[in-house]
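Sharing a structure with you now.
Going in written order, the chains are labelled A, B, C and D, and every chain counts its residues from 1.
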């Protein structure tokens, strides 16, 4: 055999080896104990469209959590073991796709749904669910949905099948302004800007941020709006800085936040403090405008301070996803489902699917606290969560914890 | 057939109404990127009537359609002298204005202790009339299909009548049509009204199948898709519009493997189709062969 | 008196096209109109058919003043025209062009349903097709027709609208003598009583088919007997 | 008073972008009777590719813009090939639909490969703002205004005095006649497509530098407004493009300053709609005279 042939043979063997590794990655559950039952969980989020990174991250974190749980397996009430099988559906942050996916998933063997990404998707999905379990006349869909990302306040109230594990913005911003008042006593005035065409940005500003800002006695000098797709912020910035505000609040997503901050820098205005919206506490913001965003403070429900959080980051990298305040909840949600399954009489048998979904729903609604990546998560009567959170600040294109309000508890 | 398939059927039917309204305007020589406006008005009006005042869905749909016909007719009159790109742009501007209106429109009532109704950007949720009637998706689908079939039948009759021919005539050459004594302005107004009416029906059913609507749903892309559906399907027969919708929503949207690339694929297919079959799959010549257009019974 | 034109004047960009032009036409008569290119023949047809408004003058159709009526209204009175370059609904077939053009009182329900009337319509159309020799192309797209058939189709389409006065703008342009006579004979066979104003350069045709000829020169009409 | 002056300056800068992209549309519309809706996204894709050079090699604004314009020229040619050469039916509706499909395709590909996140764009030679009293003017803004005025101001001279300009003018007015007098129609059309896309890329590059970033979703808003502007000015002629564009920019800025974003959008939409309806009346007159209006002329494939 010539040297060249040998080289080709080596390459071919290498290729086969890589192929085998890839296959072993994709068929992970198949490798698990064949006797254990398979409990299907459906993930749902935006894997395409403008905010596809959210869905990609959630899926990665969910798969990482699945691997971790499957490694030990889930102990069922009848003594047998089970593993999770996660299938992720793309809803593209689109109401129509989300509703269609919900109906499609309800027809599968999935025990529960983890997702979706956008609040309006969640609103559409919850509307299609059975409202009250006692109302037999209501022909709504009956499958537990455990939200990881959709953050608009109070959505879980819409159906008894809806549960959420998202940060409570009202609480976050209330604490944020209390902290600012204590930390920056000299600051008196503020100006705000928000995305006028986006429900979350606008809603959170008008119903949460503004309320607590005024409650803490700050003078709101000006309020400007722009659209998510706006490409010119000159006028808005001019209006914002017209009266020299101490604090500038930007309730917008990363793209337009960056546009605004770039313009602010161009007009050479440096406020004493910059505040941002929870959804923009991501690395994307720092990638696009780290320099301009330097010093911005944002409340977030995820930061790698605990071993669990660091483990989540490490294992999620394998599936090319990053853990942030939204995707971290996917990990927690799968853990919560595992806990309820172990504490209830869920059998995981296909013929018991309907009763299993019912049992899971009941189990979830009984929970008063769960273990999260950053500590204990309290659960409210109306199926919402109160999560631990931090106030992070952008410093030299890095997020650092500026304040930890949980410590005092 | 499982629930998901039925619900997919409902979505296809709802979008078919929209595609049919775009198709009707195309026949009359007008390319509209704004039919989503009527779809939206229909959705909001029907949902408000059922959710806030407990009206029956049928009555609500028909009333909403009538309101839309009125708006559609008057706007068609306003834009009667615009053709081609200027008309497309004008229709788009109108639709965007309407969407802006939706985002500012707030009208709520407390029903059983809950605040219901359109809330601007926060949308209009809890449109649960159908679910509260205890209907399952199958019952609802059959009703929607019923409406669709009846509208299709009317379209089929029109296409096979001399009215349909005259419509095509003014679509091909409005000036010559006037020389023929065809009252172009009257036809334009009528077409505008009927198209709005049809889109409105679709919107009403769509809102009740989604249970949640918001201004962002009725954006430019929805209008563009309506036109693309009509084009993919073909301008030879109204069945083309259905074909287009079924292709996009029925095939592309339901194959999970290509879901993420659906739009890319759709756009590519569209371009290829416009190159190899400029007037769509079911174009006039095929429609004639399938006897979907008026023809001589006893060829001379 | 079918048509009476009194003192029509038209100016285009400072150039006097028609200067106080007057003439009359009886029921069923045929008037031949001649003149050099740009003499204003087509402009006169434009004015009669309602495409453009004259600066001054009156037009009476069966005693009724029509100079301010729009295209559609004149068409309803039975005043129809053809174009120098035959115009059709190009994407429709010959049959569809004719079926859509046939003037027939439609009852309201016939707007979407008229199979009852179809038999009668088809008889008329088939007769027209035979006379103009278009049977073999009745399913062809109008846009794909050769010159002669294209001309025939345009004229038959107009004749099916039951005209009282036919304004023909060079109907035989580009055709040889026999084809031209075929078209004009066909018109006479299909609608013997229709009055015509024919703008044509082939003098011999006008001699054969028109009772009267006028020469348009310097915006004025000169009778040629 | 100061705010009025400031808004006036900002409005002019904004309007210049509309005028520049509008001109690209106008050029294509005139020479091809095509409203190339994909223009904006094609130019944006080119700019994003150009910006890679900045991110990887650290090239400055001029080099990045030049690279973007070159790429835009190439994609412009490709789009000419797809939208004009391959398309058998170039009637108004079909070509608009084709353009929209191409737009969707490019948007999707850009979102897929560059994701929807904003990218830091090369700064405008590190130049910031100039102050005249309390009036602040950005270097990129001034360049935009100057470019728009220079380009559209010199256009009449170019179209009526230069041979190439006359050829383009002839092609715009009557392609058949232009062909008879020996204008190489096909080549000229190709060049127009390439130039138009490159010009749009130049405008977007300046806008990117002004904004400091290049969000993939940027193309849509700009393209739509410029497109409407073209449709509005089309019956009146290219001379109206600059004043209309600047007017649009001014109205946006003042409406935003005094009324907010909703007021801005509403006023712009209503104004454009009214102008479109009234000014298009001109083509209606032509239509009554039996002269085929643009929409009908497009109705016959050449």
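Everything below uses one rule, namely that contacts are C-beta pairs under 8 Å (C-beta built on N, C-alpha and C of every residue); 3 or more make two chains touch, one makes a residue touch a chain.
Just so you know, these numbers come straight off a predicted model, no measurement behind them.
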**OP:** Taking the mean of all protein CA atoms as the centre, name the chain whose own CA mean is closest to it.
**Re:** B
Subject >> Pair of chains ranked first by number of touching C-beta pairs >> reply: B-D
Original post:
If you average the CA atoms of subunit A and of subunit D, how far apart do the two points sit, in angstrom?
Top reply: 39
**OP:** Using mean C-alpha positions as chain centres, tell me how far subunit B is from subunit D in Å, no decimals.
**Re:** 31
Original post:
Taking each chain's centre as the mean position of its Cα atoms, how many Å separate subunit A from subunit C?
Top reply: 74
**OP:** State, to the nearest whole Å, the distance from the C-alpha centre of subunit A to the C-alpha centre of subunit B.
**Re:** 36
**OP:** Would you mind listing the residues of subunit C that make contact with two or more other chains?
**Re:** 90
Original post:
Which residues of subunit D are in contact with two or more other chains?
Top reply: 262, 265, 290
Original post:
Considering subunit A alone, which of its residues make contact with at least two other chains?
Top reply: 52, 196-197
Original post:
What does subunit A use to touch subunit B in their complex?
Top reply: 47-48, 52, 89-90, 95-97, 99-100, 103-104, 106-107, 120, 123-124, 126-128, 130-131, 137-141, 152, 158, 196-199, 202-203
Original post:
Which part of subunit D faces subunit A closely enough to touch in the complex?
Top reply: 3, 6-7, 10, 13-14, 111, 115-120, 128-129, 136, 138, 207, 210-213, 215, 217-218, 220-222, 253, 256-257, 260-262, 265
Original post:
Residues of subunit C touching subunit B in their complex?
Top reply: 49, 71-72, 75-76, 80-81, 87-93, 95-97, 99-103, 106, 110-114, 118-119, 122, 125-126, 129-130, 135, 138-139, 157, 161
Subject >> Complex contacts: residues of subunit B adjacent to subunit D >> reply: 26, 31, 78-79, 81-90, 92-94, 96-97, 100, 103-104, 172-175, 220, 224, 227-228, 231, 261, 263-264, 266-268, 270-271, 274-275, 278-279
Original post:
Quick one: in the complex, what on subunit B touches subunit C?
Top reply: 154, 157-158, 161-163, 165-166, 168-169, 172-173, 176-183, 284, 288, 293-300
